[in-house]
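Shared between the two complexes below is subunit A, which pairs with subunit B and subunit C, respectively.
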Partner chain A sequence: MAIRVFLLLPVFLSSAIVSFSLYEDQAGLADWHQRYIGKVKHAVFHTQKTGRKRVIVSTEENVVASLDLRHGEIFWRHVLGTKDAIDGVGIALGKYVITLSSEGSTLRAWNLPDGQMVWETALHSAHHSKSLLSVPINLKVDKDYPITVFGGGYLHAVSALDGEVLWEKDFTAEGFEVQRVLQPLGSTVIYVLGFVNLSEAVVYQIDSKSGEVLAQKSMAFPGGFSGEISSVSSDKVVVLDSTKSILVTIGFLDGDISFQKTPISDLVEDSGNAEILSPLLSNMLAVKVNKRTVFVKVGGEGKLEVVDSLSDETAMSDSLAVADDQEAFASVHHEGSKIHLMVKLVNELDNVLLRETIEMDQHRGRVHKVFMNNYIRTDRSNGFRALIVMEDHSLLLLQQGAIVWSREEGLASVTDVTTAELPVEKDGVSVAKVEHTLFEWLKGHVLKLKGSLLLASPEDVVAIQELRVKSSGKNKLTRDHNGFRKLILALTRGGKLFALHTGDGRIVWSMLLKSQACERPNGISLYQWQVPHHHAMDKNPSVLVVGRCGSDSSAPGVLSFVDVYTGKEITSSDIGHSVVQVLPLPFTDSTEQRLHLIADTVGHVHLYPKTSEALSIFQREFQNIYWYTVEADDGIIRGHVMKSSCSGETADEYCFTTRELWTVVFPSESEKIISTLTRKSNEVVHTQAKVNTDQDLLYKYVSKNLLFVATVSPKGAGEIGSVTPEESSLVVYLIDTITGRILHRLSHQGCQGPVHAVFSENWVVYHYFNLRAHKYEVTVVEIYDQSRAENKNVWKLILGKHNLTAPITSYSRPEVFTKSQSYFFAQSVKTIAVTSTAKGITSKQLLIGTIGDQILALDKRFVDPRRTLNPSQAEKEEGIIPLTDSLPIIPQSYVTHSHRVEGLRGIVTAPSKLESTTHVFAYGVDLFYTRLAPSKTYDSLTDDFSYALLLITIVVLVAAIYITWALSEKKELSEKWR
Partner chain B sequence: MDKGKAVMGTGRRWAVEFSDQSTVPSSRDILDPPGFSRASQEQDDSANSRQKKDAEANWKLQKAWEVAQSPFKTLMMMGFMMWMAGNTVHLFSIGITFSALWQPISALQSVGKIFEPFKDNKVELLMPKLVFLALNLGGLALGVWKLNTLGLLPTHASDWVSSLPPPQEVEHSGGGFVFH
Partner chain C sequence: MAPILRSTSLLAFFVCHISLFFCFFASNLPISSGSEDSYTITGRVRIPASTVIGHAAKFSNIKVVLNGGQNVTFLRPDGYFTFHKVPAGTHLIEVNAMGYFFSPVRVDVSARHHGKVQATLTETRRSLTELVLEPLRAEQYYEMREPFNVMAIAKSPMGLMVGFMVVVVFLMPKLMENIDPEEMKSAQEQMRSQGVPSLSSLLPASR
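So, the complex of A and B:
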């Protein structure tokens, strides 16, 4: 076997030199790209009579986008950086989209039709504060009303035309917090309302032309404010006092401040704490009391009165002017599997303008946000459309009692990914629809043949392309022979599990995480729970979704077991303890359920599944199971070992106590942990030997219990360039997590994080910044086992007299040595991954997620410590590349070709059944999937292979044989008669 | 032409034998004429034929030696071809090497057949045979050596270790950062 591989590999390697790329017409055959925007925070409609109707949205993924209101497609989209959160969106002058971001310090204008940036202004910012954007609605296009922006303690007036700061006013006084900036329509006075130490209300009147303070009034409020505020009109706001039981109306008409207190108990009986809801309604506010939404009308003199109350599960939009002096708002509430959309007038809540009932998928959860827009129907009446954001982050447009379009924006915030197999094709499953008739098959191949012989007409080329996309039934919902069809399971931040088909990226099923204990658990991570392939073949595979009720680490956990084929939850359990870590163990029970340990905050571990069989398996391996924790803040890594059953404390026999075994303490004054990494637990390694050119043998130190740790000096933990080279150093460690032994330590002076690393087989590749060279660097460390090195006698190996396959223990303290090499790398990196194949024979490629949100495939051969400046002939033949100071970036080796995976956060690889091929899935705001063959597809024919040509050749050959045979017979006969 | 001969051979119905078989005594049914003594002629013949036979044996031995030494030429030829083929694995070098292996093996298999024409009581064929064997074995060795230089023989430790999977680990460990 090995010899065969040796025979074959050089042949393939020689043909698979660097050139990994695809032709233009191959794009989109095996890969797909999906564009998302994330959970919508703000939405501004732009529905003028002329032009295309669109909605401008900003999202929690820091995306500003313009969506087509008819189909929900993205017209344009900009992904701002991760630290550039959007605080507000508006449309100015009818042609610019204004965004305020980075805590009110960056103001940008984008051209509305095409999304080009028109101007950008960096605003002066002193300290962290609320950031408020108010874009005036100007009715006359030619007149430039300034945009008022409050952020970072300053109030700015910015010209909408060119972004010039007209004036700025300092509000950075100690303890003063600006709450609202209001400008009555048509007035030149801006009111700035703020609190001093939450106990004194201050109102400034500012001239909007010059920025001068016209008047300043302040008034102390003895009870103190809680900070929650709702503006109800241009001269009134309502706040809650510090006890959250009294609503205070603050009127500041003409600069005079007046308070009017209304206890909530006067409005609602037996009330508890209240909460002011965010929707802006004119002369009215919505308060959440006792799990009910109460509408409180604010009278002319600040008098409050309850006008309506709704059930808790209600989402509301801001109010919107529908007629001359009437304002309406939309509210959505649930009832069973339906949602009710109602549009009411603010002044007359009984007057329901619109009432629609829409069937809603249960797996979208509740409605989180509603944005309303009106339009004039042909019969001059008002029509309404509502954009709703659901609990799973999806975005839907409702109009005329139906869902016009929906976008699964939950997929913009994927947190964990795993893959799963599709069901096996059964006899009952009909595939006839996909397969063609023989004639069609032949026709297709003749077309392909024409294409390859350059005989195809343009129409034929189009037909060929269509055929290729359609071909091979790549979108079928059954397992295929090569393992190209799979399900990608993605868990999103919204707690929803999606199953995507690798063929075209469609959603096969989706499921929202549920729990009895809490309303909506957060999804944390995803594990393979049951993968039947030897036993229990009648069972469907399933995954374990670990979630948590609340964001705190001590919050109780939720486990959910999901059937992969159907997408149905098998069971779900509130486990009653917290979840800080999940350890999948390398053991499975008789039904191939994988054993998992879940560690909680008190240092106990809990065994799942809770069966006696699992318990007996676990107890057999009890002594050999360890876990470690990384406490990055304290710079400590602790190793633990199982101690005993915690029967003394609880009656739970599946709970075990642990004992601390070792600690690695990094000196806090010089080192701070910034990154840790282990090998993927499911990685397959084909061989333990590394053969050098002269048949010299090195033994890889292949251990799953190795932890890569990178530390920097605390000063250097900040941004790149914030320290001098002398002040910063980077140290990397390889630590055995069983014994706590440090196997290798490497120090890089004058270097700085962030460190992005990838760990596979016996090597680590990591990326960091070299301050001295002002360049990014990549270092590779390969680790070899010295203690096995003497196993070199051929006869002993032939006779099997060696201990190379005997189980090893970390306590034998194997001698290791490392080889490393560093290179410059021209790009900043977001994440690194490595390809993984079914048997680990195929050579590996590093998949580097670059700062440009693309994925670069780099052969592992480029990061090989054996590279030298002048490799010998034998080394060259082996494929060793001459050493260069920097790693090449070959444009053709971008696997994402023309796409960008905006906001790239992670790359996941999974093997297919074909050894040469690996699945690659990248996620960020966008999703991207492709298949890669790092050493080309040496074990299968390519899709382009012309079967027709082969068939024709065979037919021609057979015909030729028959003809020549007949001819020779004839000739022979005539010879005989001569 | 071969075909024509075969047809002639199988399709023969009758034949006239023109050759004289009179020298064979057993086939003689006609008495010798008087005064004719066959014995003297036979004696004379036998002396003549002994001489002839010696010459033939010498000739056979010489031929046998020639045949025995013939692999040497192919050996040299093979050596040259191998040197030309180089030490990398490709179609040409593999072809050369396998023919270098196949030729001696087939020659060794048919060593009896090759020396059959020279078989004689008086000819000592052992030495030529041994030389023939040795040279062919030399050719075989050359082929095997070539196979080895091509790296196709599992003579290195690496060939035996590469197929061994990495050893199992006794201990299992997991963990990392605490979930946030």
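So, the complex of A and C:
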């Protein structure tokens, strides 16, 4: 009986439903949240004399944001939908931010101070085209100055006040592409210049009040235009002809069109193809010829002359009126580790208004974009500030020769994440100093006690927070024995690798990926290259960064090996082949470098590291290396095996050819692959067996070679509203990737994607849409091994008549059976992950990234196929929750508590050394990190533990002992006297 | 749960009652724009003042999502939102607001009735006469701290230890005093003879 009670105790403890829960004053202790906006595309300054100075930006992550110009903080921001890319941004009436998005079909106005949407207008669009937004710069509420928008073949005039479409002009029939919309100041006539089929220039004069076409002139240009255009003044534009060798000045003064051709060879000697650069300069244009940036001045009669030329790595801003009739522009170029910012007058390029030199971090790369703004200094001269966007997507404000603020916007586009250990604290070099005396220590704990008893004043609460952060030492740069301090390595799309500290999220180091072969490699993925823990202990751990020159999958790859402790690149190499798939192998060499195979588009695989030792290890395991490829478009999954060394002249001994082993072909008329998933290769499974309530034993089918595949009918591959329940079905498969055998198939009629799944141990949980109920559903599938089910008898185990030690091979047909159950879920999901702990003992939680950009922690016991409507007493004791038709959403179990991880894309979990605790890192436009204990911290005292209460108790006990002792002494004495 | 539901339905009825003309408008929402089969869904998000806890809901932080992210729109100052160019069919609208839980809404856009909109809350299966979305419940993301409570302290293991000590220190001597001296003496002799003084052997003797 006693044993039974003892056995039941942990069961009882676990049956209490522990949800992640946090007190308000604990927020921010173990978690941090960072807000980003992404790489800036457009910037508009709003620097009125009164009020706060701000800059309105729109970014490649579809964010529109208002930033504080003094500190770079976000006043407000909105993340638009993923298909709602922003085409233009402007400020209207001095109080509304206007954004044009979705290829010129959605126009929105946001209130400048607080970011509240004021109006939204959907504009007609017939086809895809480039879109233009022009917002008049005047503060008057006047219908004479509407916002003009071109997009999808229509020109619209929209009132800035309420978003009402005043008039629209249909240009779709004529094949007319608007290039420029100009409205001379003080005039009610809008000039619309465009091309018809790139061979005819057409100018419309349109009355801005009524939309009436006042005049129309057209003129054919025999050579044809290339589409690149720069407007230089209110009545002139310069375009390139189709051969890209002749600049054509188009004058459309008073509706008359005139062409003036100037061959580039007349301007620059031995010129090649030219390219018109985007900055708008008055009466001047910037042309890129022969890797030089050439400034061409446009004279009164359309005459072109070269006034200056710079190296092509110069970034320029648009020109800006600085005085009555003078315009200036900023240019930034690099020189070593410095950048030079120059502001020049457009008319007199020799007149440099400002020349500043600023030390710049090498790992920010080159300057991509410059936005300039001027202000009047106290001595009435012009001051300039420049907002620059760097190659690594960071955003910096330069003013008075210094970087006023910088934002690491590269972190808004994280593509891959891994974690790494910090260095061990060396003896003698103690980082921690003994900062407090016993009195301070006591005072701190008394404060904490007050806090937990709700007796603390607001000042005390602040003091407690500070104390907690300080005392935990969570920001130190050394390893701790709980494994709470780690580095999060995040690779961004811009090709920069960041190391973030888990304690406070600061950037410990960052490194920009470099390549000889191309200018800017993209970051693709990250792998643990070397993790010394048995041998090679003197070596620092390192990671492998895989990049690519260009967005196409056949583009050549770039490898970079980075020391985790220092952030220095050990080596980098331009591998001559493309990168389709990187397969970390389960073998390491004597220095604990992990072997990796990289598959290219040709069908070859390449072994890394390229050492003879690695080759010999690989040759030994040559027959045992399998992998698979998924061709989602064709509905084919192929299994591959090694064949032989590459032949051919360019091949080296580390290149191998492969042979196809099996294929699974899904019928293209009925099934389309929408999701595939495998288990994480480094996942730890604690036990292979699962004990049932009736003392029955189930063996988990734990295989690293299982692939989860979800397919839908081709009709159901679209959005939710596009299909009826009868037309769509969802089928999921579990496929063995060694043999291509389908172990399990489950069909859901009347369901469709998108499917978000998570695969751990022997179970898969996936989320999809049920069209019949019109609700989202979550299904769990657990796989058990039937062949080992007989090993229950104790005698068999003792006598050794079991098959537990028999080798498990994928070649034999596994006898598996599955259990599954489905539940409703009340929200759309963006991604699902699962917690992972060091030994896999702690129960698991699903981390569901919801459409609201929050992360919900859901206990795995809620998605357990053994749940029944009325669990028996024994089942209840084991912690089985009565079956409900939908999964609960408990607000306290949002791990992100009151934060939103805007634009959430992925969740990464990593174990800490403490078994109960796991690191959770979520990335999107924002970053969020927290530490989770899915079954509470059963193996350590929490931060909340009140040492003061313990101390007081001991003191009271000791005092009581003394008092009783004294009393009894006294009593004994009086007894004796009696 | 139940009372919240009842109150929201009452409120919805109330809204409908005072703005009958709007109901009529909402049920006839045909704005066939541009092409034949694309329609406009217009609705409104309302947060009743009774459910506002702590931070007041800011409309600028609320997003309305169509079909799990196909379209995302924002609220106007009056709480209205619009989805343009929606094809006929059955769609799903979700409202994301920090601090509130909204039920997803099934929206049927009928092609036959020129874009007539029918809406049903999928969580409660309640059909809406007009597209006015209200939160099912407010969400509190933090656990509430228990206010200072003497009993909670006393119930904690350390409190129990202290309590027991207090009992021993202050009540035991009292008990000892109550014991008849003769009985005490005999008990003490008994104890000496047994050699092991034990509290349990003392206490029953006092009765």
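The rule is short, and it goes like this: the second predicted complex is superposed on the first by the 893 of 978 C-alpha atoms of A that agree within 3 Å, B and C clash if a C-alpha of one lies under 4 Å from a C-alpha of the other, contacts with A are read in each partner's own complex, and residues count from 1 in each chain.
Here, a residue touches a chain if its C-beta (ideal position, glycine included) is under 8 Å from a C-beta of that chain, and two chains touch if they have at least 3 such contacts.
Keep in mind that this is a model prediction, so the values were computed, not measured.
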Touching partner for A:Val958 - first (subunit B), second (subunit C), both, neither: neither
Partner chain in contact with A:Leu949 - subunit B first, subunit C second, else both or neither: second
Contacts of A:Thr678 with subunit B and subunit C, given as first, second, both or neither: first
Sites on subunit A touched by subunit B in the complex: 1-3, 5-7, 10-11, 524-525, 548, 553, 579-581, 583-586, 597, 599, 621, 624-632, 639, 676, 678, 681, 685-689, 691, 695-697, 699-700, 702-705, 737-738, 791-794, 797-798, 804-810, 877, 972, 976
Subunit A-touching residues of subunit B, taken from the complex the two chains share: 3, 7, 88-89, 151-152, 154-180
Touching residues (chain side subunit A, partner subunit C) in the complex: 21-25, 27, 76, 78, 80-84, 105-106, 108, 111, 114-120, 122, 124, 453-455, 719-724, 754, 769, 771, 773-776, 826-828, 830, 851-853, 889, 891-892, 894, 897-898, 900, 949-950, 953, 956-957, 960, 963-964, 967, 971
Complex contacts: residues of subunit C adjacent to subunit A: 33-34, 40, 58-60, 63, 65, 67-77, 82, 84-87, 89-92, 94, 96-99, 101, 103-104, 106, 109, 120, 122-123, 139-143, 145-148, 153, 156, 158, 161-162, 165-166, 168-169, 172-173, 176
